[in-house]
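One chain, chain A, links the two complexes that follow: it is found with chain B in the first and with chain C in the second.
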Partner chain A sequence: MAEIELKTAPADFRFPTTNQTRHCFTRYIEYHKCVAAKGEETPDCHKFAKYYRSLCPGEWVEKWNEQRANGTFPGPL
Partner chain B sequence: MSLACQIEGKFPFFTTLGGGGLKGGLHTTGAKWFMIESQRHSYHLVDPSPWPISGSLGALATTVGGVMYMHSFQGGATLLSLGLIFILYTMLVWWRDVLRESTLEGHHTKAVQLGPRYGSILFIVSEVMFLFAFFWASSHSSLAPTVEIGGIWPPKGIGVLDPWEIPFLNTPILPSSGAAVTWAHHAILAKKEKRAVLALVATVSLALVSTGFQGMEYYQAPSNISDSIYGSTFFLATGFHGFHVIIGTLFLIICGIRQYLGHLTKEHHVGFEAAAWYWHFVDVVRLFPFVSIYWWGGI
Partner chain C sequence: MEKEMILHSLSWRFLTIAPCDAAEPWQLGSQNAATPIMQGIIYLHHDIFFFLILILVFVSRILVRALWHFHEQTNPVPQRIVHGTTIEIIRTIFPSIIPMFIAIPSFALLYSMDEVVVDPAITIKAIGHQWYWTYEYSDYNSGDEESLTFDSYMIPEDDLELGQSRLLEVDNRVVVPAKTNLRMIVTPADVPHSWAVPSSGVKCDAVPGRSNNTSIFIQREGVYYGQCSEIRGTNHAFTPIVVEAVSLKDYGSRVFNQLILQTN
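And now, the complex of A and B:
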């Protein structure tokens, strides 16, 4: 039986504080910037998706996805 | 020259009131110089006054009326207006009494003048703390913008003023007005009464120009106080500063009128000094919103 590997986003020196809110937010933005630049297909953006999904609470992501759909997302995309 | 003599020289009708005249020698006319000569100390023992209690009642009506008005209670607006009128009336008559006691009755000896001087300085210190809180709020919100506003400042979609247009034009006007009030002070010290009035007219004119520009700026502003934390902090800080400019302008207008009427002398012009200190506080404080809110916070 294979071991399940549990991993979160690696430590990022831009976000040294215990509160990782901004880390989550930045990774979410980096993912969507990456997709906008390279398209959905490339595997290059997968790592950003993994990072923000492990850092961000689900409700936040849902809210931001809605905001992006409505054109009201406040972040620098 | 003693204070009583100054008053006599300045206001001829006092000569008839008190007798004596400039060469009369004060101790010979002691009985006629009522309070000034009848007391052996230089402190002002005030008469009972109704204004503290009327001011308190006005403040109570304003507070209760304000709460009632903001919660849409019937009669809230009436009580609020009544309270504000009461406070304004109290300010008018209280200050009128102080002017009578100081300028006309001569109770404000050098020792007594220390009171309003310390009072004015402490008041200005408290005003510095008051405005400091708004700059703190602005810096707190803009130095590390929260995720809710996208982590950027100014927040997305908020239109900001170009700091190099009206804000930059308006910034040197208040310090210039501060220079003009220093000119007025020197004119008073040099006993150039007319020139002091002229200098105060220049001071007040510059103040009015500044308020006019601020009004224009608000009128054309691309955002308002309801537009996110940016609008809240921007209009709270700049609006309260503008309000202080208006208070300082009224203070200077009163000084100009009193200078015109000959109330201010080379030796005794505490009211003017307080207005000048207040005015320097207001004009120096203008530099902080310009640098941190308009310029740094708007680019």
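And now, the complex of A and C:
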């Protein structure tokens, strides 16, 4: 029997409403701020990556990754 | 001959085997509840119906009485009543109390629907397209591109197998575990859509550029059918939603097998 861990981004009380757009965006920024501060290798940032992957539609992440590569990402990184 | 035809039509109307939790022909009521929210919606409907019947009976009585007593033959000279303090107080007070009795359970239900109480165990993203749904399971990713993603298309009428519902069956169902808190994130990739499953009591609009969250707690295993609920173009009627609730163990092995398939 294959085991998978049932775990996802927790409920965040900064975003208690139906609209979770900001939740996803904030988690994405948090991850990249974390990486910028602590470097790629530290395991501390993994949880933020897991959170934003759970919350953001793949298409959005793709777009933002592209924008970051081009230096046109609108968020505070 | 005619009798046969009637019997045939009756059997189609009443003897159809309900295909799990889908709409039935000539259905008048709600589908069976699969989540506490849907149970609440059905109870609220019953609560409101009590007042509805009360008002219906009362108003009908007044109407019939008035028609009867003010008929020109039975009562040629009507009484000239223009004022009655008691009746005026009653008919002002009661109609203002009744909405209150409807509003209290209604608001309680409304706010319990979008309350974030517990941490969900699984996040599933439903992404609306013209004209199909894409589902993403991204809790088990280790990179940005590896999520378990699949499209869910309606099975065309010609390919249906015996027992499958026309315009309701899809090729890839959303598999979710029963008795688990789920977070559904609903968003479209093009125009507005709406992700709806009646027996789960969920109808969540998908608005471009925004991701909406709705939580589901399915209480029993089963297959739940729904349809897109936002008119959005030619094939709007052909984008059904099928949720298959399985036990937690089965869910684990299904997702694991899918992940192996995708990574290899």
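Basically, the second predicted complex is superposed on the first by the 75 of 77 C-alpha atoms of A that agree within 3 Å, B and C clash if a C-alpha of one lies under 4 Å from a C-alpha of the other, contacts with A are read in each partner's own complex, and residues count from 1 in each chain.
We adopt the following convention: contacts are C-beta pairs under 8 Å (C-beta built on N, C-alpha and C of every residue); 3 or more make two chains touch, one makes a residue touch a chain.
None of these values were measured; they are calculated from a predicted model.
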{"item": "Fit or clash between chain C and chain B when superposed on chain A", "value": "fit"}
{"item": "Chain B versus chain C as contact partner of A:R53, first or second or both or neither", "value": "second"}
{"item": "Which superposed partner A:L6 touches (first chain B, second chain C, both, neither)", "value": "second"}
{"item": "First (chain B), second (chain C), both or neither touched by A:E40", "value": "neither"}
{"item": "Contact breadth on chain A, by residue count: chain C or chain B", "value": "C"}
{"item": "Partner chain in contact with A:T26 - chain B first, chain C second, else both or neither", "value": "first"}
{"item": "Which superposed partner A:P76 touches (first chain B, second chain C, both, neither)", "value": "first"}
{"item": "Nearest-approach distance, in Å, of chain C Cα atoms to those of chain B in the combined model", "value": "8"}
{"item": "Residues of chain A at both interfaces, chain B in one complex, chain C in the other", "value": "21"}
{"item": "Residue numbers on chain B that touch chain A, as the complex places them", "value": "147-152, 155-157"}
{"item": "Residues on chain A engaged by chain B in the complex (per definition of touch)", "value": "21-22, 25-26, 73-76"}
{"item": "Interfacial residue positions of chain C with respect to chain A in the complex", "value": "114, 116-123, 125, 127, 136, 138-141, 144-145, 147, 149, 177, 180, 183, 185, 187, 189, 204, 209-214, 248-249, 252-253, 255-257, 259"}
{"item": "Sites on chain A touched by chain C in the complex", "value": "1-11, 13, 16-21, 23-24, 50, 53-59, 61-62, 65"}
